[in-house]
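Which chain is which? They are A, B, C, D, E and F, in the order written, and residues in each are numbered from 1.
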Amino acid sequence: MRISIFRRAHFNAAHRLHNDHWSDEKNRQVFGKCNNSNFHGHNYEVEVRLTGEIDEETGYLFDLGELKEIIKVHVEDRYDHKNLNLDCPEFKDVNPSAEMICYNIFQILRAEIDQKFEIGIKLWETQRNYVQYPV
Amino acid sequence: MRISIFRRAHFNAAHRLHNDHWSDEKNRQVFGKCNNSNFHGHNYEVEVRLTGEIDEETGYLFDLGELKEIIKVHVEDRYDHKNLNLDCPEFKDVNPSAEMICYNIFQILRAEIDQKFEIGIKLWETQRNYVQYPV
Amino acid sequence: MRISIFRRAHFNAAHRLHNDHWSDEKNRQVFGKCNNSNFHGHNYEVEVRLTGEIDEETGYLFDLGELKEIIKVHVEDRYDHKNLNLDCPEFKDVNPSAEMICYNIFQILRAEIDQKFEIGIKLWETQRNYVQYPV
Amino acid sequence: MRISIFRRAHFNAAHRLHNDHWSDEKNRQVFGKCNNSNFHGHNYEVEVRLTGEIDEETGYLFDLGELKEIIKVHVEDRYDHKNLNLDCPEFKDVNPSAEMICYNIFQILRAEIDQKFEIGIKLWETQRNYVQYPV
Amino acid sequence: MRISIFRRAHFNAAHRLHNDHWSDEKNRQVFGKCNNSNFHGHNYEVEVRLTGEIDEETGYLFDLGELKEIIKVHVEDRYDHKNLNLDCPEFKDVNPSAEMICYNIFQILRAEIDQKFEIGIKLWETQRNYVQYPV
Amino acid sequence: MRISIFRRAHFNAAHRLHNDHWSDEKNRQVFGKCNNSNFHGHNYEVEVRLTGEIDEETGYLFDLGELKEIIKVHVEDRYDHKNLNLDCPEFKDVNPSAEMICYNIFQILRAEIDQKFEIGIKLWETQRNYVQYPV
């Protein structure tokens, strides 16, 4: 009996969008106010999905307390109150767009959660904009 | 032209998680504070999806007033202000975890709604935790 | 690397549900208070999904500012503060049910967005009722 | 021991803003798209506050089930799925602005609820705009 | 310069409403389904307000991390995953209505927070019902 | 007839909390992770209240379209996608705590809105933390 469970967490971070191979003018043109060299920031909301078989003895797919702790240690503690561009090496050469942060969180959690579970990530940058990986 | 419609409802209930075949110690270890023998409770939010073909004469997939009434009679009236462990025979030998409540609501509504419609259930136990069946 | 992005917008409109080929009595019976000949209204919330490949130079799937503008021009400006039955020719012979409005927004945006992106629409008529096309 | 309780309800209605003593041009200038002669509409959310002394025997200020029923009969049944301008005599000569609807709901409920309770009304016209009476 | 700050927290608990001095029949009549002898439950949301003078050196009214910890220790740890009637002596002879829980949380936090700050509590029992003390 | 109207807006910004007169150690001790020298950020939500007499000709307290524009020009355009510490002179010697941002927005809007209206500001830094000025 396959089922999905979902858990939400959040972190607050600063970022800017910038491509080092482009002129300042092209960066401003493409990224607009997101290119501000002094950074801006967001309250990011992340939702983690696990899909798999229910454990008949517990009625659980996965212990939600354990999932909460995995997300806290590997996502919240890593990104909360950070500058994604300056404090996080994974975004040194990669733009910390919502798309790339979401993809990165998928990779981080994929390494922490048993392969018998499918996982999926949604990431809200504002209440009106969010991304999902995988589709 | 296939489309999906969604309707939300809610109920407030008490429950505890417990496996009768385990020692009290193992129950406390696995279920933590959810094992409290005096129960705790939640405001459950349920979302029902129906998928099928639009009726050309009405522009409806399914009458939402009728769907609201089906959910009221078969889900809300059954679970609202109840103790899931003590008042609901279906959870006598099955843990009323969010996963099992969601699966149970699917079975209840599957019997009430015409087979030409696919159905799906999401169940929120808190604003940060929810489950979905089928996946 | 395929990913999905989502953007929300909203508009406020009046509508009624009515089938011209039916008697007044049948209309009242099927559509109930939604059949009020003087109309009623809603705050519609629309969510647009785009799915495709991330652009490596920007880290974007699609420029969200551009998507916001497309939705504003082609959906919000078209439907906001309108009477869907009287002001919108597309609903002259089609009931402006949530299902048909959603399908219509899909057709409108499908014509505006590059075919290399899949698109999907969700439309909330109230906080408890919404529809999705395609499924 | 004075305390306040709050109960939320909602209704969906059409309206337009218009002053019969003004020219069409002035109406369009002042009320903009809210002046559309074919009406538009909203999901109105209403919150009712009662303030008074707790009943020691029940621990209640007021029975919330009873309050829910009063709001249903006197506010929801009166305004839900209505055209405020055409179906509601109280808005024949009064603009159904959020301010005036809120004030009107206050007057309606003031007549239904024992004077020993203070009452207050908030009315949301959209998620970003609301009004309160009295202040 | 006086200002108010607000912090939200939550806990999940079971309860029932019952007056020991009344007959079972009167209890059922007054409290309805809230009188279920097997209990039901809620996700309670609590909002704590502190009002006072801003500290010029920090720009803070009160350290929100410290406030979060006070609420966690004195409210969340005390009530989360509890049966309010059976596990909490303060509700042995007092009905755990939303009103009385709110008043009780006020008394608990009033003893923990410096008297130079005014405090106020709001408590949501469901998304549509909440209470406030003091008024 | 006095009434209050409320309008919400939002902006996304980076900030850090720091007192130049303190040692780095004291700053870290008092402000914790909010002291990160590389900044972090938030989605700020602002709610503006106006209180006064309803205009009998319009049924309005104040034109909400005009209020939206005032907030856009004087608050959103000023703070959205900015670094509050580096880009905003008003926070050069004042910590951009939620309290001080809220107070500052009050001062900005007080200068733009007719004195016959009382005004009030709420500012959310996260969904769980907000401030209000005046109290």
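One rule holds in what follows: a contact is a pair of C-beta atoms (placed from the backbone, for glycine too) under 8 Å apart; a residue touches a chain by one contact, two chains touch by 3 or more.
In this text the structure is predicted, and so the values were computed from the model without any measurement.
**Q** Moving only from a chain to one it touches, give the least number of moves from chain A to chain D.
**A** 2
**Q** Which chains does chain B share as contact partners with chain E?
**A** The shared contacts of chain B and chain E amount to nothing, since no chain touches both.
**Q** Of all chains present, which has the mean Cα position farthest from that of chain E?
**A** Centroid comparison gives C as the farthest chain from chain E.
**Q** In angstrom, rounded to a whole number, how far apart do the mean CA points of chain B and chain D lie?
**A** Each chain's C-alpha centroid was found; their separation is 34 Å.
**Q** So the centre of each chain is just the mean of its C-alpha atoms; given that, what is the distance between chain E and chain F in Å?
**A** Result: the chain centres lie 29 Å from each other.
**Q** Multi-chain contacts in chain F: which residues touch at least two other chains?
**A** Only 127 qualify.
**Q** Among line, ring, star, complete and other, which best matches the way these chains touch?
**A** Topology of touching chains reads as other, fitting no named class.
**Q** Hey, which chains are touching each other here?
**A** Touch list across chains, by label: A-B, A-C, A-F, B-C, B-E, C-D, D-E, D-F, E-F.
**Q** Taking the complex as given, what residues does chain A use to touch chain C?
**A** Where chain A meets chain C, its residues are 17, 19, 21-22, 30-32, 94-100, 102-103, 127-135.
**Q** Which part of chain E faces chain F closely enough to touch in the complex?
**A** Counting only chain E, the residues touching chain F are 1-9, 51, 54, 57-61, 63-65.
**Q** Sort out for me which residues of chain B touch chain E in the complex.
**A** It comes out as residues 10, 12-15, 33-34, 36, 38-43, 80-83, 86-87, 126-127.
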